[in-house]
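Paired with chain B in one complex and with chain C in the other, chain A is shared by the two complexes that follow.
Entry: the complex of A and B
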């Protein structure tokens, strides 16, 4: 069979398997990982009125994987009456962040300006992260809607990181690394990250050293958090499709190797 | 003079920013805030101008040479359309700019990102072979991690997630740490070389 045909079969197979798995509702419950449990317990332990900063540091392309994380985290925060300062250090995360916050806020009857605020986007993320350590007002003189930041009620008690319990960076790249490297050591800011699964290993050293408080990784992390939260959402919804795709890859790798060894044997070169 | 002045600016900026990190004096704080909040943003704005100008130049050159004309025209169209929409209707949440972002750019990006899954599937079939012992170890590890990341794993065997956890936290982390330490040392060395004027590639190597 020629290569082009094989490629088409593989592509069609993946499409059919993922589409089928997505349409079928299968509940897949797994034990929450240590990190997800730690994230959940930490948010759960915070007293009402505590201020969290949620940074939507991702592009639209990774939305299916990281949005379930931000949705469940914000739901959890609002259910526990925590306050949220939203922002984005990635231009494309701005509208996504604003819409996500507004959507969840409406579910919990939270008021803009009192229970949450969205500061918008600031270019040059390192400068913004460092600048907010001194004064958030200087970096964001106005919020996303154009209100003067110092006139917004939720900001009354906030000057810089000293008044923020934790920064949660929802990211599909290394933006959380900058939070860890700049807001962490200089301002002692606690950082949590919501990541795509592919990025988890990049953050392991920071996690192990304690520079990163905890992490929620990929769709599986979101699904585990949703199970702890008690309301299955987009994370759980996507797990069958992700499981099917992983199993499909495993099958392809096995078949590919069987063909490889068979061909080697035919050519008289057995073994590794 | 054309070399000495940038070198002097670089040396002073580097030394001042290095020293201010260790001081909580109001002057140090003011210098720090001015540089991070104002100067850095202004410099960034100029780099955008350079980037856009470069992009237009390359696209126009391609169009004049009749190379990838369609792609270049679409790219130029996007470059003109988005700022025009922003200037006409602003960048607010209900603006045409946001509409274009959410209904054109976001789906296009998601599409390109999704295509990766297909390439990974094809590559894993054609390229992931146990050609040697190291390749076989890599292959076995990849299979284990692929299965270990599934909710099904713990139902197959409890030791699969444990093994995945071990791979992630020991061999993988050791390699990652080595890379990070290497990057850190490399960054420090490069910064010192730039501050001291040894590294001059930003001056066209003069």
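Entry: the complex of A and C
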């Protein structure tokens, strides 16, 4: 069989398996990992009115993976009456962040300017992170909608990182690293990250060295957080499909290895 | 159905036609994606960098200080002239100088000093129990570093330790590969969710 046909069969198989697993209702229980539990417990422990900064540092292409994380985190924050200052240090994340905040705020009857605000995007992210350590008003003189930042009620008690409990960077790349490197040591700012699964190993050194408070990784992390939060959402919905796709890939890897070693044996190069 | 959902659904399917083989439908959708992304980012940068930071302060508040970054920025375009291209070195030198000054201490602290202190953990814990994790970390660290030590031939004990380092590296690559597969599957599942729920409305 030629390679092209094998490719079609593999992709068709993947599509069928994922679509079937998605269509059929299967309840899966994801045990929360230590990091997700730590993230949840920390948000849960914060008193009402605490201000969090949520930075939407990702592109639209990673939405399926990071949006379930931002949705459940913001829901949790709003349910506990925490306040959110949203922003983006990634141009593509700007509209996404604004829409996500507005969507969840509507579910919890939160008012723009009082319970949350979206500051928009700022180019030169390192300068922006450092600048906010001195004064958020200097970096963002106006919010995303063009209001003067110093006239927005939620910003009355906020000058810089001293007034922000934690920065949560929802990212598909290394933007959270810059938060860790520049807002962490210099301004003693706590950082949490919502990451795509592909980035988890890159952030492990920051986690084990204590520079990063906690992480929520990928769709699985979102599903675990949703379970702790008590409202299954997109993360949980994707878990059966994720598991089915992984099993499918494991089977393909095993078949591929069997074929490889059989061919080696035939060519007289030995088995294992 | 929302017109945006219909367009997004058709474009999603257009991109997936690549799985069959490269074709004009795929290339049209790909070009549209790149064009839209660049256009969107350009508008955002124009508004947040030029309008908010330069033109509005200059025209509305008469803030002449903004002329300095404006001129420095414009000097970058001198690269297009052979005669005046040397002028672009001024903003480049400023950027590199300031960038290095800001980045070196931060990166040295976060990527080197903090990592060293996190790697050196006591083998015996406060309660007197043996810390197995610390042993794994120190063995993994030293063996992996010895793999990248090229000043001596990897023979004898150095060769053995370096070989052990490759196993730690393989563990890391395996974990990274596994997470990457998980990540790509999640993206695919997100698209399937969109196609089946929003576009085709097969599931609710």
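The definition used in the following text is that the second predicted complex is superposed on the first by the 271 of 272 C-alpha atoms of A that agree within 3 Å, B and C clash if a C-alpha of one lies under 4 Å from a C-alpha of the other, contacts with A are read in each partner's own complex, and residues count from 1 in each chain.
Everything that follows uses one rule, which is that contacts are C-beta pairs under 8 Å (C-beta built on N, C-alpha and C of every residue); 3 or more make two chains touch, one makes a residue touch a chain.
Quantities reported herein were computed from a predicted structural model and do not represent experimental measurements.
Using the contact criterion defined above for the overlaid structures, shared-chain residue A:149 touches neither chain B nor chain C, since it reaches no partner. Once the two complexes are overlaid on the shared chain, A:184 sits against chain C while remaining clear of chain B. When the two structures are aligned on the shared chain, A:201 is found in touch with chain B and with chain C.
In the superposition on chain A, no contact is made by A:214 with either chain B or chain C. When the two structures are aligned on the shared chain, A:141 is found in touch with chain C, with no touch to chain B. By the document's definition of touching, of the two partners only chain B reaches A:31; chain C does not.
Contact with chain B, but none with chain C, is seen for A:250 once the two complexes are overlaid on the shared chain. Looking at the shared chain after the overlay, A:169 reaches neither chain B nor chain C.
By the touch criterion stated above, A:62 is placed in contact with chain B and with chain C alike. Shared contact residues of chain A, touching chain B in one structure and chain C in the other: 7, 11, 14-15, 18, 61-64, 92, 123, 126, 130, 186, 197, 200-201, 205, 208, 218, 220, 242, 245-246, 249.
By the touch criterion stated above, chain C contacts chain A in their complex at residues 19-21, 37, 40-41, 44-45, 48-49, 52, 99, 102-103, 106-107, 109-111, 114-115, 117-118, 172, 175-176, 179-194, 196, 202-203.
Interface residues of chain A, counted against chain B in their complex, comprise 3, 6-7, 10-11, 13-15, 18, 28-31, 59-64, 92, 95, 98-99, 123-124, 126-127, 130-131, 134-135, 138-139, 145, 186, 197, 200-202, 204-205, 208, 218, 220, 223, 239, 242-243, 245-250, 252-253, 255-257, 260-261, 272. On the side of chain A, the complex with chain C involves touching residues 4, 7-8, 11, 14-15, 18-19, 22-23, 61-65, 91-92, 94, 120-123, 126, 130, 141-142, 177, 180-182, 184-186, 196-201, 205-206, 208-211, 217-220, 234, 237-238, 241-242, 245-246, 249.
Within the complex, the chain B residues that touch chain A are 21, 29, 32-33, 36-37, 40-41, 44, 92-93, 98, 101-102, 105-107, 109-110, 112-113, 117-118, 120-122, 124-126, 128-133, 136, 139, 142-143, 146-147, 149-154, 161, 168-169, 172-173, 176-177, 180.
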